[in-house]
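Chain naming follows the written order as A, B, C and D, and within any one chain the residues start at number 1.
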Amino acid sequence: MHFQAYFKHTVTDTGFRNTAVNGLVTGYQLEIRFPGYRGSHLSCITRLDLTVDGKKVDPQDLLFCLNGKEFLMAQIPELFVEYWFILDNATLKVAKEGGLAAGPHEIRVDFAYRVPYTGYYGNYIVAEGAHVRALPLAR
Amino acid sequence: MKDSNIKLGISLYSLTIDYFLRRYDLERCLATAQELGAEGIEIVAAMMVPGYPWPTAAWCEDFQKLLQKYRLAPVSYSAYVDMGLRSDRDLNEPEIVQFTKNDLEIASRMGFQVVRTQHAISPATLEKMVPYAAKLDVWLGVELHVPHTIHVPVWREYFGLFDKYGSDHIGIVPDFGVFQEYPHLPWFHQAAELGMRQKTLDVLCPLQRRGVTEEEALKQVPDLTDAERPIAHELFKDFHPAALEDIGPMVKHSRYMHGKFYHIDENFHDACIPYDRILPLVRDHGFKGFIASEYEGHQFDESIDATEQLKRHLTMEKRILGLA
Amino acid sequence: MKDSNIKLGISLYSLTIDYFLRRYDLERCLATAQELGAEGIEIVAAMMVPGYPWPTAAWCEDFQKLLQKYRLAPVSYSAYVDMGLRSDRDLNEPEIVQFTKNDLEIASRMGFQVVRTQHAISPATLEKMVPYAAKLDVWLGVELHVPHTIHVPVWREYFGLFDKYGSDHIGIVPDFGVFQEYPHLPWFHQAAELGMRQKTLDVLCPLQRRGVTEEEALKQVPDLTDAERPIAHELFKDFHPAALEDIGPMVKHSRYMHGKFYHIDENFHDACIPYDRILPLVRDHGFKGFIASEYEGHQFDESIDATEQLKRHLTMEKRILGLA
Amino acid sequence: MHFQAYFKHTVTDTGFRNTAVNGLVTGYQLEIRFPGYRGSHLSCITRLDLTVDGKKVDPQDLLFCLNGKEFLMAQIPELFVEYWFILDNATLKVAKEGGLAAGPHEIRVDFAYRVPYTGYYGNYIVAEGAHVRALPLAR
């Protein structure tokens, strides 16, 4: 039951909106917190799945954005010099032609991370949790 | 506060939930520590230092000014050994050395003379750090944390180093969590939230207190649910307190201790960690240094007021130590 | 300048040495382009976009204002396919797609409708980008660069795509370097600097011009030194110009061309790249778009004044095209 | 002879000085440019050797500092999301008790990098060069 308290705060209130480049709506984005008490190297993230309105987003359509950079989900395990400061929100950008319709959507984030200093007797704790909430799409 | 060898501080980690939810920024955490009457603070760098693990020199200077503003001593810079930060392998020794040198230097720039590290540093690497800690005039303390005791092999090795080099620049940071005997109140709150029934606890807890094994105890709960199973397992796995006789050897090599706690009741009593026996032993063995109140109930029940808990913990410590 | 289908621009890459040595910042490069009378510019994003590959939206807006200030058209955003950026493997297709989508989006935010990419994108990946380029209304041109010609297999495939999808959103960016026949003046400067003797060149250069093989030619220089050997090898390896007949098919699928050059003499003549034959063919085949002057002599001799070279190149182009 | 022009500008005029933490002189540092015409991902660096006064610095004593981060030399090949902008100088920090003596020192940097877009017919060009210069230690 350790490291469980923060998962329920993963998806933030703000930043859920459609994205556009020069008027072309390319998808949508939302913001998440790192669901732990301290920051983490991104390479410690072992799972990050986004489900919107009951449908899992294909990781190929997802970009993880932090520290002014944008990463493919497949790169996350390799990002051992990218630190997620606990007060910084990360942005998940989803490529989806036309974006999402106005109004509320159900957002679910399944998240897991290795606690990198817990190798007691050789095993690292992996903290796992999910956060589900309805969020209105900002205009 | 009376003059005493033992000084009382606060680990800002205690205020995690307020910080995490952006209710308190770092300065507000410091202000809270001052209001509570703490003489000094511990900071968890990986949590509260912007730019970690490479904060700017300017930020480190500003931090020292903040401490002066709130009249708080820089007690301990809390470092990790994030040995598992890579997904393909553990950090190797040159990486751990650099990781730790970096923490020692930042700590020094921030004004700290105590750096808390973790056993993952390994005795061999700690030994290599002795000259560097000496040059920087920093004391590098390894935290003794659940599930370890001073009797596990790695800690026997650490004590060997203390005998060899003295404990002017390396030592032990005991976390009083090693003396925890039973689950704490926030643990029960979280257990309930996760589906543990009171009737199951009513059967299992007394058995845990009597030292019955998990296997034997579970026979008394034939209707254990899937949700209850891992929680019941924790109940029997997690609470194996170290012996209070270990406090003597700890004090001998310690300049800093973690006053870990999960809940102090309205009568200023910890029902799970025997502070009333720990603290007199710490004092009577001649400990000289800071004990930082380290509240961790927020990991289990975020609705509890951390500041109130800190206030109770400091009050309890002062009463037990006769410092009130 | 007369109204013409062909417009003359400058690649800011031409000013590399001034930029690299911090003599010119980006704005000074733009001011120089305006002073030279260029109608528009190409920017090499990996060189001049702070924060690349993820510049901020604010920076992209400010850049457009800078272009307006200097009355310059945003002609081409020059993108790479840094397929070898990792040390363990080449980028895979999803990575190249994302790399290129990112460039298309930044280019679009910066106001560019032409994006120069490189053949490492592969025909298969380029084909996948067609709908996205169409949606963003960007033209994604693959640069044809030495040592390629339009007859190598990968370029036959690109032309197959142009036939299939048209060239409204994909196409070819010919770099006139493919027509280079002989070494250029800065090459001779660098060769001398690296130890190539004039007497060796006096023997080898005429042989290279006559099409003699390296093996045969070296027999004429029995005293070739170790310093000379790799330079002699370059002389025979690097200068195999594409046929000028290829210009027709290029023009058919091009909106943008690189006026690559290494040195224009004081008589406004390029002694190595036959501009006097290239440009009339480009015009007569009906090319409509920008040719950007792309000075590259700085890679060989940094003491040459790049701005003067650009001035000469523009003058030469105008004379040949009758735009003066 | 391609990509040779910039190596002669690798070591900069500025930033060569001893380093200290709270009065303890821990070593020295100097600044270098990326010796190419454009920026590079750090993973493209294939060689970076520092020689001071004729003696090669042990890579174990060297930190490569850029973008507000500090890297061990052994990590360089893995840093494929760390971009070296061409106008940013990198700092080489050398651990050396007591630092260097005042006055001029001969600094030599041997540098090589993969040009990541040059895989013509399957091979990447590796640009190589060295820069040697005398530099006075700043006070």
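One rule holds for everything that comes next: a contact is a pair of C-beta atoms (placed from the backbone, for glycine too) under 8 Å apart; a residue touches a chain by one contact, two chains touch by 3 or more.
Remember, it's a predicted structure, so these values are computed and weren't measured experimentally.
With centres defined by CA atoms alone, the chain at the far end from chain C is B. For the pair chain A and chain D, the distance between C-alpha centroids works out to 36 Å.
Centre-to-centre separation of chain A and chain B, using mean CA positions: 29 Å. With centres taken as mean Cα positions, chain C sits 41 Å from chain A. Residues of chain D in contact with two or more other chains: 69, 78, 80. The multi-chain contact residues of chain C, meaning those touching 2 or more other chains, are 51. Contact between chains, using the touch rule, shows up for A-B, A-C, A-D, B-D, C-D. Those residues of chain D that touch chain B in the shared complex are 21-22, 24, 26, 60, 63, 68-70, 72, 74.
Interface residues of chain A facing chain D in the complex, by the touch rule stated above, are 69, 71, 75, 78-82.
Those residues of chain B that touch chain A in the complex are listed here as 13, 16-17, 19-22, 44, 46-47, 50-53, 80-88, 90, 118, 120, 147-148, 187, 190-191, 194, 231, 234, 298-302. Residues of chain C touching chain A in their complex: 51, 54, 56, 94-95, 98, 102, 105, 108-109, 135-137. Residues 1-6, 9, 33, 37-39, 41, 43-44, 46, 77-78, 80, 83, 85-87, 114-120, 124 of chain A are the ones that touch chain B when the two sit in their complex.
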